[in-house]
Amino acid sequence: MDPPFPAERGVDVYNKKLGMWVFLASEVMFFAALIGSYVILRFGAPGEWAKPGVVLNIKITAFNTFLLICSSVSMVKAYAAVSDGDIGKMRFWLLMTILGGACFVGIQVFEYIHLVERGFVPAGVREGSELAEMVAKGELPGATMGLYGSTFFTMTGFHGFHVTCGVISMLFLYLTKALPGKYTQQDHAGIEVVGLYWHFVDLVWIILFTIVYLI
Amino acid sequence: MATTTHKHPPYIMIWIYLAVLTALELGLAFEFARNWTFGLKLTLLMILAIWKALLVALYFMHLKFEKWNLRLVALFPLPLVLILLAAGMSEHIW
Amino acid sequence: MNWWLPPQASNFAPRIDGMFTAILIITAIPFFLVEIGVIWFVFKYRGRPGQKGHYTHGNTRLEMIWTAIPAVTMVALGLISNSFWVQIKGRNSVPADAYPVGVHAKQFEWWVTLPGPDGKLGRTVDSLISKANPTGLDTTDADAKDDIVIRNQLHLPAGRPIVAYLTAEDVIHSFYVPEFRVRQDIVPGLHIKAWFVATVPGKYEIGCSQLCGLGHYKMRAQVTVHTQADFDAWAKEHAPQPQAGGE
Amino acid sequence: MTTVAASPHTGHAHHDDRSFVSKYIFSTDHKIIGIQFLFLSLFFLLVGGILAMQIRWQLGFPGKPMPGGGILPQTMAPGGVILPEYYLQLVTMHGTFMVFFAIMLLLVGVYANFIIPLKLGAHDMAFPRINMASFWSAFVSGILMLSSLFVADGAPRAGWTMYVPLSARHDYSGVGFGQELWSISIIFFGLSSVLGSLNYITTVINNRAPGMTWFRMPLSVWALFITAVLGLLAVPVLAGAAIMLLFEQVLGTHFFDPSAGGQVLLWQHLFWFFGHPEVYILILPAMGLVSELIANGSRKPIFGYHSMVFAIVGIAFLSWIVWGHHMFVSGMNPTLGSSFMVTTLLIAVPTAIKVFNWLSTMWRGNLRFHTPMLHAIGFVTMFTIGGLSGIFMAATPLDMFIHDTYFIVAHIHYVLFGGSLFAIFGSIVFWFPKMFGRMMNEAWGKVHFWLTFIFFNTTFFPMHMIGMAGHMRRLYDPTIYEFLRPVQPLNVFISVNAFLLFAVQIIFFVNFWWSLFKGEKASQNPWEDNGLEWTLPNPAPHGNWETPPTVYRGPYEFSAPGVTEDYLPQNRKLPTDREPALSPAGH
């Protein structure tokens, strides 16, 4: 009847990794809704957008970007270490990644506080603040500041939320798996899967940094 | 995973690569391109951003070393994103 | 009661009704094919113990046929409706001599501005909107002097193209006159035009057909289509007093 | 490759010593989760139905006190007379409950969970704990949505589509915290849906039994798989939009506020970009399930299996590029309308393929009219009407007239009630023995089918006519309009039939509960079906198989020559069958 057929057991990728990739595909769509709204709103905005670097602190964010790239590298180093069987190195790099991520979140919170103090809030520009004066003087376009605030805080806020989730799950893996020595050269799915998530968060930040802070 | 012993990609080199591209972006946005048109800057910055994103996806997320069926999972949403953007923006192109 | 579409009272209505009938006929064919087929098979092939079904996995030629026929029909239907669609809603489709009326929708009333003898609508400014000036008509604009602003009624001359400038103040409303077969959502922040020719003098109703809040159901206005002579007389009678500047 | 992928799964079919809580409440067993979803979604189906009855009362008898309406608080229906405030809540919540919590959970939550692993010969889902999380976030989401009816100022009143700015500003709609609850609930719902979908996708890709190639998968699994892809990619967009809507209220953002440069149509684009794939999420699984029932009831292989699969894929693909047909008269760029019209009309093609293939499956069959088959035939006939009436709306000039009228309401109910719900009733009866080990009563099942079929048509068919007369949707009192007064008798007729339709569901309800405890014990393969699930005892044990079954053929080998019975299970080895080659990954 039939010729011999292959058993066809999927994509030759273990479940957790495939599951993570599938999850990331849905994350792409989630960020597409947020970033897409920003692009569509900015494209159809009633007037000029605020110039980059006027409202947002570029120096501190550039450093933050660098930090996130570093943590992505340290994550991949942790993965490389464990797949070479070097568990100690893996622990070190994983800890570095957690620290990098935590610093990123900390700096972002600091940045938010600073922005809110200057009068930049999700609703736009707060009355009577430093930025409100700049709008009054015409240094900032008042017509689009509302959109600016809405999109900026939503996009970066949800990115920050993702970073926080990543830090928490890495910390969890570090404490429950890495420290007790449950990862081996053969079995380290957790590191690879969380790594994928972490790099994705980094990737989203790379896009966000360019379109929110630099353009 | 595990025992597949392809040599690890040069992660440190990619790190430097990413840092340089970021510096280039910052320079483009604030330093040497002040008089360039917005459209040109936008295009160059987007190219740089996508370049960086590709580096992360290909090397850090190992897409370069995966089979096509897994790459497909990663690529599948991208056309949908473009469709959404195109339709949303076409409201204003007329 | 009327078991078919409402009376036709605009230039688009006959063609839209024609499309309705055409699609009804097109869809009737597969409808009867399937329903009669099901009933026939249910009786003819009802199960008998000890019998087996006919063992077949399909027939490529048959499947090609019932893929191709709907595909061709649908593409043709698409092309035909598109040529009509462009005439109705295409952004350049409004005839140059169309008579402009302003329709301003707010929760839950319709404010209609008729251009008066000069045939031009006055400028409206959102910031001027107030109780006394519900459409925000800029009375300093020369075109606005003779504009007639009326609430919950729309008066139109028959037999000439009319272009409605639709604006919404708060939420989405929808301009809908069933006899005209015209419907257009009115979206805050957008300036949308809808054009049509009212062909039959008489009285009709505007309904809001997009949920706009608690009073959605009673957000109606009366449309009166006059002959041109009647319309001119009506407009003269309702022309604003020079001082009053709109009602 | 890894050892993880291939690891023989942990669950074992025997020896089940879990506690009651871990067995039935925080269970990770896909079958229990499926059953949990079944009870949850049937509950919401009932809630949605009760809301619909109140809508119909108001439309049939506007301003008259509703029988039993006296128990409602003064803010909803003083003296039993429904207020406009409450009417809009009814309309909104009927749509929300039915779409998200009844039909979607019934199809995706129940059947994806219950039958994907069983039909693929897997021990469980790829991620059982994520599966459990998916159920519980759906549960939380449903409770939040339900609670919005009870907060001050009640549930949202902007329709289930939540068009901004009405939904975005409390002063426009008059709603309070209920509106925020909707957004929060939808965010949880999105989480549930994504967790579920990634599970189904991974399971289908990776956890098939040996020999279960892509084109030996049952059509129900194909449909549920493609549905999961749609859900995975569409629902996050809704979650993102719901977050923006929430921020609009709690943070004062301006996404949808035209006075600050926001765009009203952005919401509609985001909502329908999700919403159209959602429509197919609500019908594709029904199509898949019906394919099973039709093949079984006809005792014939499904006609054109491959084209059925490609039709599912085609519908799913097209679903991403048709969402604009909900926005033809929304003020959207008319050129966009033209392109959306063409893609929309093209959906008729794969749909026609499916209908004709079902019909041809019945052709020269040996039909068995068990209750599931009756429901499947009901599905084919009613879905045909729903599908064909969609063509009227797809033609843009005609849509200008019938958009937002009862014609649309009739269309969606023919698709979702006549289509999805018939498929669901049929599937509940069909897999009831697999779930609970007992059969549902056939005679009462048939009575339920026929009465539902009759009253369904008398309820929803006249809606086409009042739609043609121009009857708008979501009207609290249609008699306000002069042109709608003549159709009011028809509204009364619809309402009376709707009450009868609701009443005959009691038969199903009683049959369900009675059969749960007193039903006849099911034999191992009561429907003489080919699916792998029927090789297990009823109900299937935890962990399903001790050793994964081997699959030798496709799922629809009914009436195959050379076999004495008229069915041939997928895992029965005939002398001519060869063992599947081991995959290169090694198992």
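When the chains are written out, they are named A, B, C and D in that same order, and each has its own residue count from 1.
Basically, contacts are C-beta pairs under 8 Å (C-beta built on N, C-alpha and C of every residue); 3 or more make two chains touch, one makes a residue touch a chain.
Computed from a predicted model, the values in this text were never measured in an experiment.
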Next on the checklist: Once the contact rule is applied, which chains count as partners of both subunit A and subunit B?
Outcome noted: D
Checklist outcome for this item: Between B-D and A-D, more contacting C-beta pairs sit at A-D
Next on the checklist: Can you compute the centre-to-centre distance for subunit B and subunit C, using the mean CA position of each chain? Integer Å is fine.
Outcome noted: 46
Checklist entry - Distance-wise, how many Å sit between the C-alpha centres of subunit A and subunit D, to the nearest whole number? => result 34
Checklist entry - In whole angstrom, how far does the Cα centroid of subunit A sit from the Cα centroid of subunit C? => result 46
Checklist entry - Which residues does subunit D have that touch at least 2 chains other than itself? => result 1-3, 233, 237, 262-263, 265-266, 269-270
Checklist entry - Of all the residues in subunit A, which ones touch at least 2 other chains? => result 11-14, 18, 22, 25-26, 29, 32-33, 36-37, 40, 44, 186-187, 189
Checklist outcome for this item: Residues in subunit C with touches to at least two other chains are numbered 91
Checklist outcome for this item: Within their complex, subunit D touches subunit C through residues 84-85, 88, 91, 157-159, 163, 165-166, 172-174, 258-259, 262-265, 298-301, 303-307, 329-331, 334, 337-338, 341-342, 345-346, 348-349, 352-353, 355-357, 359-360, 362-369, 377, 380-381, 384-385, 388-389, 391-392, 395-398, 400-401, 403-405, 465, 468-470, 472-478, 480-483, 486-487, 489-490, 558-561, 566
Checklist entry - Where on subunit B is subunit A touching in the complex? => result 1-3, 8, 11-12, 14-15, 18-19, 22, 25-26, 28-30, 41-42, 45-46, 48-50, 52-53, 56-57, 59-61, 66-67, 69-70, 73-74, 76-78, 80-81, 84-85, 88-89, 91-92
Next on the checklist: Which residues of subunit A touch subunit B once you look at their complex with the stated criterion?
Outcome noted: 11-14, 17-18, 21-22, 24-26, 28-29, 32-33, 36-37, 39-40, 43-44, 52-53, 58, 62, 65-66, 69-70, 72-73, 75-77, 80, 83-84, 185-189, 192, 195-196, 199-200, 202-203, 206-207, 209-211, 213-215
Checklist entry - Touching subunit D in the complex: which residues of subunit A? => result 1-2, 4-16, 18-19, 22-23, 25-27, 29-34, 36-37, 40-41, 44-47, 121-124, 143-144, 146-147, 149-151, 153-154, 158, 186-187, 189
Checklist outcome for this item: Listed in rising order, subunit C residues that touch subunit D in their complex are 1-6, 12, 15-16, 19-20, 23-24, 26-27, 30-31, 34-35, 37-38, 41-42, 45-48, 51-59, 62-63, 66-67, 70-71, 74-75, 77-78, 81-82, 84-86, 88-91, 107, 126, 170-172, 174, 176, 178-179, 181-190, 192, 204-205, 207-218, 220
